[in-house]
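Both complexes shown next keep chain A, but they swap its partner, so chain B is in the first and chain C is in the second.
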Partner chain A sequence: MSLLDFQSLSVRINQHSILSDIQFHIEPGEIFGLVGESGSGKSMTALAAMGLLPSGSSARGQILLNGQDLLALPEPQMRLQRGKSLGMIFQEPMTALNPVQTIGAQVAETLLVHGVSSKREALERAGDRLQRVGLPGDKAGLGRFPHELSGGQRQRVCIAMAIALRPKILIADEPTTALDVSTQAQILDLLKELAEDEGMALMLITHDLAVVAQMAVRVAVMHQGAIVEQGTVEQVFCEQRHAYTRRLFAASTHKPARVATAQSQAILTVEGLSHAYAKQLPHPLGPRAMLRAVDNVSFALRQGESLGLVGESGCGKSTLSRLVLGLERRQSGRLCLQDKVLEARQPMDRASRRGLQVVFQDPAGSFNPRHKVERIVAEPFHLLDQRPQDWRQQVKRALEAVGLNADDRFKYPHEFSGGQRQRIAIARALIIRPKVIVLDEAVSALDVSIRATILDLLADLQRDYGLAYLFISHDLSVVEAITDRVMVMRAGQIVEEGQTQAVMQNPQHPYTQALLQAVPRIPENLRPRPEAQT
Partner chain B sequence: MLAFLTARLLTMIASLLVASLVIFVMLDLVPGDPASLMLGLNATPEALAALREQLGLDGPWPQRYLAWVTGLVQGDFGLSYTYRVPVSGLIAERLAISLPLALYALALTVLIAFPVGMIAAATRRSWSDVGIMGLTQLGIAMPNFWFAIQLQVLFALVLRWLPAGSFPGWQAGIVPGLTALTLPAIALALPQASILARVMRSSVLETLHQDYMRSARAKGLSAAGALVKHGLRNALIPVLTIIGLQFAFLLAGAIIIENVFYLSGLGNLIFKAISARDLIVVRSCVMVLVFAVIAVNTLVDLAYGLVDPRLRRR
Partner chain C sequence: MAAARRNALPLSLMLGLALTGLFVLLALVSFFWTPYDVTKLDVAHRMQLPSALHWLGTDNIGRDILAMIMVGTRTSIAVALVAVTVGVGLGLPLGLLAASRHGSLLDEVVMRSNDLIFAFPSLVIAILITAVFGPSAFNAILAIGIFNIPVFARLSRGAALSLWQLDYLRFAQTAGKGAMRISIEHILPNILNVLIVQMTIQFSLGILAESGLSYIGLGVQPPTPSLGRMLADNRTLTALAPHLTLIPGMAIVLIVLGLNLLGDGLRDLTDPKLARQR
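And then the complex of A and B:
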């Protein structure tokens, strides 16, 4: 008998079909991968098993845990299964913990809810579990608050919370998506080790095929609320029977066809740029410690060139981009755009701003939700003394250039999908004909297939308009696909710089080597066989 | 924590000094001479000058300000122009009613608002939520003096459970004192509880969608258990802010209710002092209120730190 068996599970929310006929099973101690893009129903499948579907939803079919149908259990009994037989961790470790409770209390709560009588015993066992996931489990360790921990440490706490009672199965919903590559590698190792040591099955939900390839034995591919293909990792990866699976694989390794447009002339020069933030004082009269977010950084971006900037969170990438954009006043260093030296003391003049535009990670957050797209895209015209006569025509052309419809200009941002919104953001950056576009994690929040199309678009625009890109990302595979040169940043400093191909294939700095090592890759033996690529 | 406390205390003293200066200067600019008011229209200039000197009304204002502030620190608030008794005694007598009344009303406010707000949030968009929201709307819209009169009619005249007004004094005992304050406290608390319940509801609703609530459910807590153990404390920050503001209002803003119930509270004293141009009483009362507000705000700040560990180091 399988440990967890989904039998023709269908879920509707307010009469909308969310899941249809989901059928798969997980064996004891097995690592099972569930892959798909956002909205494919992966998380809903997991929440159905946990009995935590949103209100207004109805589920049909069966989810059998050791032969017992979870969907038929009344809530008071289902509650006893959660945390005890089924543990679950979520994508956002930053918000998954209660900010006002110590981590010890939060781990101990799982034990207390399920019948451990004394608080002291629960805390003691919580300490053991924290130690098991690689965190100190002593009194001081138990007394820490979530805000005192890094993202990776918080995810460890969530894991300790979920495995406190040694459940038979752990459901991990995108457990490493919000984490850096090296932290991701550590957390994945921990999950694998826990599954092996404790004989615990793991249902790993992810959009990242490489992660599944590394971890899982069997895998199911989800698309639009249904499972399109399942089998062993080898079968699914090598044979790719379903058209959607093939599309997903193609998109995840997609490299846009790029034409080298880089010229020798530098358009943006940065020399000795430094910026430090004051750290929090230990006490009111304590010494003022400084955090050097950007430390003596110099580089030149050439016309039509695509320059990557990679590094983990907190390395200073974002501060650097803000300094270059003049959104933050730099403390020292020289900035030169199109042979014009930009003064640090003055706000950037409008002519320079015209040459320098930006696309952020979250387009939804950078649009005024009450403005129509036409007004949003036309915003950079404020940098001109007078809006051009044919500005409406220009907005239309900009929207068409990024693959949207000219009539889309009368809609509001919420009427678009994430990928379309990012196209609007690119249209806005493009309309003033800048020389340089700073792309700050511009494709990081997008699904692989949408990411592939946006990367194509960026490559096309670069070819057509001779744009220079400063492409900031934590994702090395994306940087590899879209950049000519790359800089690796660590603790405010550029530790390695060179041609992208050379750096990726032959990294010199130990940090770059470690970073590349941590990136999950699909092993050679799991690449599609020739006959599958038709 | 010690550094935090010291910093808060220093801020408090600085605020008090600034406030005292502003109060003094503003009331000093008000036209009208207390001495001529006290002696009437037929007073001789000599008598006026003598009284002014006696009251400390002559001399440059910085000197008078310093005298006033040193007096305040020592507990000497000066003599009332109209009552001819020490102001400190007057205020103490009125505070003995107003402070317990404010605390009583605040306690009722919290006792009503917390459960009501939480129930409304937990049963959002159901009939009980709609009903509660409708009632709180009514509670805010209803004039509190009208409500006070209805309370008097029902509980004092018809049911004869509680006295309709006046205060027997604390020397009559704690129970008769509290009994006398019950109806005014309810009348004061109801609109405040309506406001606070709405704040509580929206604040709890916000926490319901937080990821940590989902984590709590995944651990095996029931929906209600997660709400009480994880939602409530996170929802408290905006609620505490409102409670601080409400206390200040209840202390000084009770004048209408005081009149309806024949209570001689602080609001009453200020009102009479203003009409009689008894500036020294006005000044001292306002100063006492400022002190109370700042003290409460400091307490609220400290409570933030207790509720939310992330705020402790600031």
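And then the complex of A and C:
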């Protein structure tokens, strides 16, 4: 008998079908991967198993845990199952923990709620569990608060909470998506080890095919609320029987066709750029320590070139982009745009700003929700002395250039999907024909298939307009796909710089090597067989 | 739950609009017409119950209560309105300015002066001001208005600060827009809903404060009628003629209730997230 068995599960919310006919099973101790893009219903499937579907939803079918139908259980009994038989961890370890409780108390709480021990015993066992996930479990370790921990450590605490009662199955919903690659590798190793040592099954929900390839034995591919294909990882990866699976694989390894447009002339030169923030005082009379967010960084971006900047969170790449964009006043260093030296003391002049535009990561926070697209895209015209006569025509053309409809200019940003919003952001950056566009994690929040189309668009625009890109990202595979040269940043410093191909294939600096090592990749033996690609 | 809230939404707005509209209308009409002259004494017909002649009765010296309510409402609304305008007019720009220069000396000065005003109980200071400068409508406005400034400064600064973190404001900066223009173009429309709610709350608090000041004789002076003083003048007669205090009391309650309902309804209307649900 399977451990967890989904039998034709269908979920509707307010008459909308969310899941239809979900059918798969997980064996004891097995690692099962559930892959799909956002909105495909992966999380909803997990929530259904946890009995945590949002209000207003109705589920049909069965979810059998050791033969017992979870959907039929009344809430008090379901509550007993949660934690005891089913554990769950979420994507965002930053918000999954209570900020005003110590981590020891939070892990112990699960034990106490299920009445398995006294408070003292619970804390003891919590310490044991924290040690199991690689955190100190002594008194000091138990007494730490979430804000004292890094993202990876917080995810470890979440795992400790989820496995406190040794559940038979752990559901991990995008457990590493919010983490850096090296942290991701550690957390994945931990999960795999736990599954093996404790005989615990793992349902791993992710959008990342490489992660599944590394971890899972069997996998199911979800699309629009249904499972389109499932089987062993080898079957699904090599045969790719369903058209959507093939599309997903193609998109995840997509490389836009680029023509080298880089010229020898530098358009943006940065010399000896440094910026430090004052750290919080240890005590009111303590010495003021400085955090060198950007430390003596120099580089040159050539006309028509695409330059990548990779690094993990906190390495200073966002500060660097803000300094380059003149959003923050730099403390030292020289910035030169189009042969014009930019004064550090004055705000950047409008003529220089005209040559430099930006696309941000978050498609939701990039636009004033109360403005229509036409007004949003036209905002950079403020940099001209007066708005051109034909500005409406120009907005139309810019929207068409990024693959949107001219009529979209009368809509509000919330009427668009994430990928479309990123197109609007690109249109806005393009409208005054800058020479340089800073792409600050511009495709990081997008699904693989949408990311592929946006990367294509960026490559096309670069060719058509001779743009230079400063492409900032934590994602090495994206940087590899779109850039000519790459810089690797760590603790405010550029540790390695070179042609993208050369750096990726033959990294010199140990940090780059470790970084590349940590990136999950689909192994060669799991690549599609030639006959599958017909 | 969600469905119930959606249905209740127009109701609160409409009830609030109806109540507020009624009193505003009464106040406006009083400029042109009142059933009797509010200063006319008619001792022969004093303390009458509501009748066809005097719709809401007469008070202890024979003044028509409806006329007094109409003019009293006008006074209350005028005082509270000007006080809120003073608060928004000074507090909002200060708050936006402080937010745009977050962490600067200016920010500190603005916020610490706010703290200073907040540190005093508002009604006590209002009494102090009217006691020092003499009781009058102008001083009541001044006293209530001063306490509205930090409310709006702090509110708009807080709301603006969270917006300053967003990418579209960074983008506006890269489009060469200055802090003032960004504040007006991007921040103001997005904090308007919280401001409107706060304005209606402060408005109703202003009406209560004006009534309170009048009750202890520090508001508008006789013969101009005021809701608060109607309560005070007739409080000894409550046992004899309860309608003398009940009617102005109810008037205050209904104005405040109407404004609060209006604020709720407006907030729901202006919130784009709620608007999308409808």
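Definition applied: the second predicted complex is superposed on the first by the 533 of 534 C-alpha atoms of A that agree within 3 Å, B and C clash if a C-alpha of one lies under 4 Å from a C-alpha of the other, contacts with A are read in each partner's own complex, and residues count from 1 in each chain.
The criterion applied here is as follows: a contact is a pair of C-beta atoms (placed from the backbone, for glycine too) under 8 Å apart; a residue touches a chain by one contact, two chains touch by 3 or more.
As the structure is a computational prediction, the values presented were derived from the model and not from experiment.
Novice: Report for A:Ala96: first if it touches chain B alone, second if chain C alone, otherwise both or neither.
Specialist: A:Ala96 sits against chain B, while chain C stays out of touch.
Novice: Considering only touches as defined above, state whether A:Thr110 meets chain B (first), chain C (second), both or neither.
Specialist: first
Novice: Would you check which partner chain A:Glu374 touches, where first means chain B only, second means chain C only, and both and neither mean what they say?
Specialist: neither
Novice: Between chain B (first) and chain C (second), which does A:His147 come into contact with in this model arrangement: first, second, both, or neither?
Specialist: So A:His147 only meets chain B here.
Novice: According to the stated criteria, A:Glu27 is in contact with first (chain B), second (chain C), both, or neither; which is it?
Specialist: Neither partner.
Novice: Applying the touch criterion given at the start, work out whether A:Arg79 contacts chain B, chain C, both or neither, answering first, second, both or neither.
Specialist: A:Arg79: touches chain B, not chain C.
Novice: Which partner does A:Leu327 contact after superposing on A: first (chain B), second (chain C), both, neither?
Specialist: A:Leu327: touches chain C, not chain B.
Novice: Which residues of chain C touch chain A once you look at their complex with the stated criterion?
Specialist: 1-2, 166-168, 170-177, 185-186, 189-190, 272, 276
Novice: Under the definition above, what is the set of chain A residues touching chain C in their complex?
Specialist: 55-56, 322, 325-327, 348, 350, 353, 356-358, 360-362, 365-370, 376, 379-380, 382-383, 414, 428
Novice: Report the residues of chain A in contact with chain B in the complex, numbered from low to high.
Specialist: Residue list for chain A touching chain B: 50, 52, 75-76, 79-84, 87-88, 90, 92, 95-101, 109-110, 113-114, 145, 147, 158, 161-162, 280, 283-284.
Novice: In their complex, what parts of chain B are in touch with chain A?
Specialist: Going by the criterion above, the answer is residues 3, 6-7, 210-212, 214-222, 225, 229-230, 233-234, 307-310, 313.
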